[in-house]
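Same chain, two partners: chain A is paired with chain B first, then with chain C.
For the complex of A and B:
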């Protein structure tokens, strides 16, 4: 038995080695770096330096606020939208199902830069199609990039566009694993399609929905691409700066690794805390 | 009155026709079993009655009312699925009451119906459990309970026992029989197990490849099959089929000679026209219709391969001189010890080359 375990570990060794070096070590290392003052040479141990700054930094609280705001609005809207898309995809009435499935999944594989460029074009003040459409139905143009509220909305729209289809496909897979005859039984039980959705589909899909929520929460907590590329580094004036962006700014522009590590740990802690609360709220009640 | 009438019912999936014009007349309170091999269209027929499949042609009436275009929920039927189809996230109690709760049935009435169903099926002590914490037999009871709660005029069962082990199957069979007596409702029951059909049914509908081969009471099918298929399908072990040829006619009927055995001749009275001399036929003999030498029309020497002892009776698996396999039923006390034995044919059935019964 012991011998066989040893053999197994020898096979696992290359993986474990790489895993330790590139995964475990950075986690530990950045934790230690967050306790060091990194603007001095050599770095010195100063526990209060970064963490103390964090508690009083308005830029940090601005980033937390922006991130949480996006999280609270965008994630539920996106999951609800994904659910609607999944229901439509699952409908036997739908023609050309494969095409839709591809279309829903496509945003995920489109390059981030290309997608951001297209969004900037679509939402541009004077020749963007979105403002043209708004105009054509008699609404005023919106300057998406110069005001904080429209800029935040734009980020949420972009993130939703990119990830709703992905979540819809996951939800669809969950829906298709619910046996057809359960619905047939409900139909014979005189239960309407709408009630079947709320009393059968939703409860049976709960684990999948929770999975999508957790994925989305973690993703949004790390949100970077959209505020970096679409609203140009968290503009206007830091109005869309997220934690991910703050981390990048501190770590790679100001080369303040200690502070960036402290921000990173805060992001992770927040993601874990929110996920735990959410798991607790949706737990299986016996 | 919950009669169920199928007239020329046809089902097509695309261009592929799977039920070719079924005519069945089911009386109020009758227990009718659809039986046939896998893929013959039993479930499809049942699901058309339930309204879960569209009807491609013909008419279905329940209680004298045409239901072709009536929603499944309004047909006054309840169905028990092979997979049970219980709501996995609900307790037994919620499973039973779900339909009634969703349609705004008064709570007191719902509670009464659920309580009664639970008592009938003896599942009262399981009411708080989820389906996954129930045994197969218990799940089956809950599935039946869900049907009872609806107080339907017609119960539909699609192979409800096929997921249970042999012992439980026998026990549930008895329960379903009891239920039928207790509720007095019309029941239509699908199975591919002829024993289940024989023991449960008032009448059996034998299906093959989308055609109805015969409809009749269990013993009528057993004693008087219309064709080779029904003869072979009903009864266990199967009826033996031996190739033969018409060799003449005498005062008592046609004379048949078993293939390759000039001395074994059977005389069979026929009401209808006798086939020509020389035409090929098939003689069917049930295992219990072989007697000891001299007891019947003719004697036949067979070589015994295997003897199966079941206690009271035994089955001899043997071969005729012409090489055809036969199964012979014997009292345990009369099992021969020799490797060859002479048996007589006490009763036989005659089928023409197309498999239709000659009588």
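For the complex of A and C:
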């Protein structure tokens, strides 16, 4: 490698230009907008205006509660499921591997709008296939859209369906990069497969799992399309409203950019805080 | 030896007995998408259980085209995704090349910032991006608005940096001794060698653009400028709308991507797994 400032920056220039205009400046700008009263033109500097309102806004706390609830339940369940998928897809005993891989990985290419529409139709009260199937095995119908608990469950089911395979792909690639001879040695020593998983696979995979967790946490923190389209703008009565939806409502329905920016920074702060705790916890154990 | 293989057989059966129902549950929404798209609306909203396709796809598609100009929206989505993919592959591989092959002032800072943005929610830049593009540049409802702001991506650059730094130095040094210019080395030596990685990157970027929803929803909200997912999204939740039509649209958005996925699975998986495995 050579020291060539001019050449390097010529290659980097277009990328850095886009980065500066559409990321660096917005990160700063968004912070400044959160300290401005934006309901009247011209905007004016009013440090407590949005942040003060945020602290006393029940809609904000509702959105934080819903977002964290989804995060705490859905992310671990999904990562665990992705791990199960990855381990089983990696098994040498599996036949027709391609078919199983297709089944679990296919949702990765499905767009949010397309799958939200399908889930909405599948879970509808009277004509949804899910309730019909529940009925046919003697279980009562569930009103997925008018009660908060089933509506939240539906959001979590939808997100898990969409993203479990994505995480399984990453975990599977991680598993396949673990050298084979580690397992061969363990098998010769008559270590059971289950023990091999907990004492070899899991520890070696820790960085990959952390990567999946970080991506999932950031994704779920910004959850928008599913509560927007599946449960109809965060319904019933704000029961599935997330921070992403609150930001959309404040920023792009009420055009209150200042308040929406404060919500955005809260999301970032929560995501970074949770990520740091995550990294700290996984570092401790090593 | 025979007891060992019968234990293997039992394990294998248990594995398939567990995995098959899970796989069927996972395929079920996709299957139902296809089934719904072929059913008349009064069939979708009937009490019976229908699990097999009917023959109503064309009628449903016509209903969709009546509710929103879906063909036009698909045209916009395809053009935008193709342009975006080309530009983004070029931009990210140039940046990845610089980070992989040169030592330069400020390199650590650049790499650090790119890594940092992975953990930063997109929501933080969304509002200023919107204000800038819609108000300051007056570019709402244009292709530029759909293509340019999403061009920045961090995982792609890190992936290309990784790909280029694994190539042997001699390859490029030989060309340098001959006096070949750096940009020609990049274009005619490095890029052809990186073809599999470029394919993986291109597929992931194309898919991201094709499925992108929030940004196009905000910035291109006028009917004639909407992308296909946005146009389809406007129908969901309307009271008088053809659900068979919506499902036909969902199938048109999804099935081509599924075919690409099946054909190019290796590249797809490489692209997704690239972020984590170093």
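The definition used in the following text is that the second predicted complex is superposed on the first by the 280 of 286 C-alpha atoms of A that agree within 3 Å, B and C clash if a C-alpha of one lies under 4 Å from a C-alpha of the other, contacts with A are read in each partner's own complex, and residues count from 1 in each chain.
Keep this in mind: a contact is a pair of C-beta atoms (placed from the backbone, for glycine too) under 8 Å apart; a residue touches a chain by one contact, two chains touch by 3 or more.
Computed from a predicted structure; not experimentally measured.
In the superposition on chain A, contact of A:179 is made with chain B only, not with chain C. In the superposed model, A:72 makes contact with neither chain B nor chain C.
Chain A has more of its residues touched by C than by the other of chain B and chain C. In the superposition on chain A, A:187 makes contact with chain B only, while chain C stays out of contact range. Of the two partner chains placed by superposition, only chain C is touched by A:118; chain B is not. Of the two partner chains placed around the shared chain by superposition, chain B is the only one that A:200 touches, whereas chain C remains out of contact. When the two complexes are overlaid on their common chain A, residue A:208 makes contact with chain C while staying clear of chain B.
For the contact definition in use here, the chain B contact set and the chain C contact set of chain A share no residue. Residue ranges of chain C in contact with chain A, taken from their complex: 8, 11-12, 15-16, 18-19, 22-24, 26-27, 29-30, 32-33, 36, 44-47, 49, 51, 90-92, 94-95, 97-99, 101-105, 107, 110, 113, 117-132, 148-149, 151-152, 157, 169, 182-183, 186, 207, 210-211, 213-214, 218, 229-230, 232-233, 236-237, 243, 246-247, 249-251, 253-254, 257-258, 260-262, 265, 268-269, 272-273, 275-277. Against chain A, in their complex, chain B makes its touches with residues 50, 52, 72-73, 77-79, 81, 83, 85-89, 98-99, 102-103, 146, 150.
Listing the residues of chain A that touch chain B in their complex gives 179, 181-182, 184-192, 195, 199-200, 203-204.
Residues 1-5, 7-12, 14-16, 18-19, 21-23, 25-27, 29-30, 33, 85, 88, 91, 93-95, 99-122, 126-127, 129, 132-133, 136, 161, 165-166, 169-170, 172-174, 177, 207-208, 211-212, 214-215, 218, 221-222, 224-225, 229, 232-233, 243-244, 247-248, 251-252, 257, 260-261, 263-265, 267-268, 271-272, 275 of chain A are the ones that touch chain C when the two sit in their complex.
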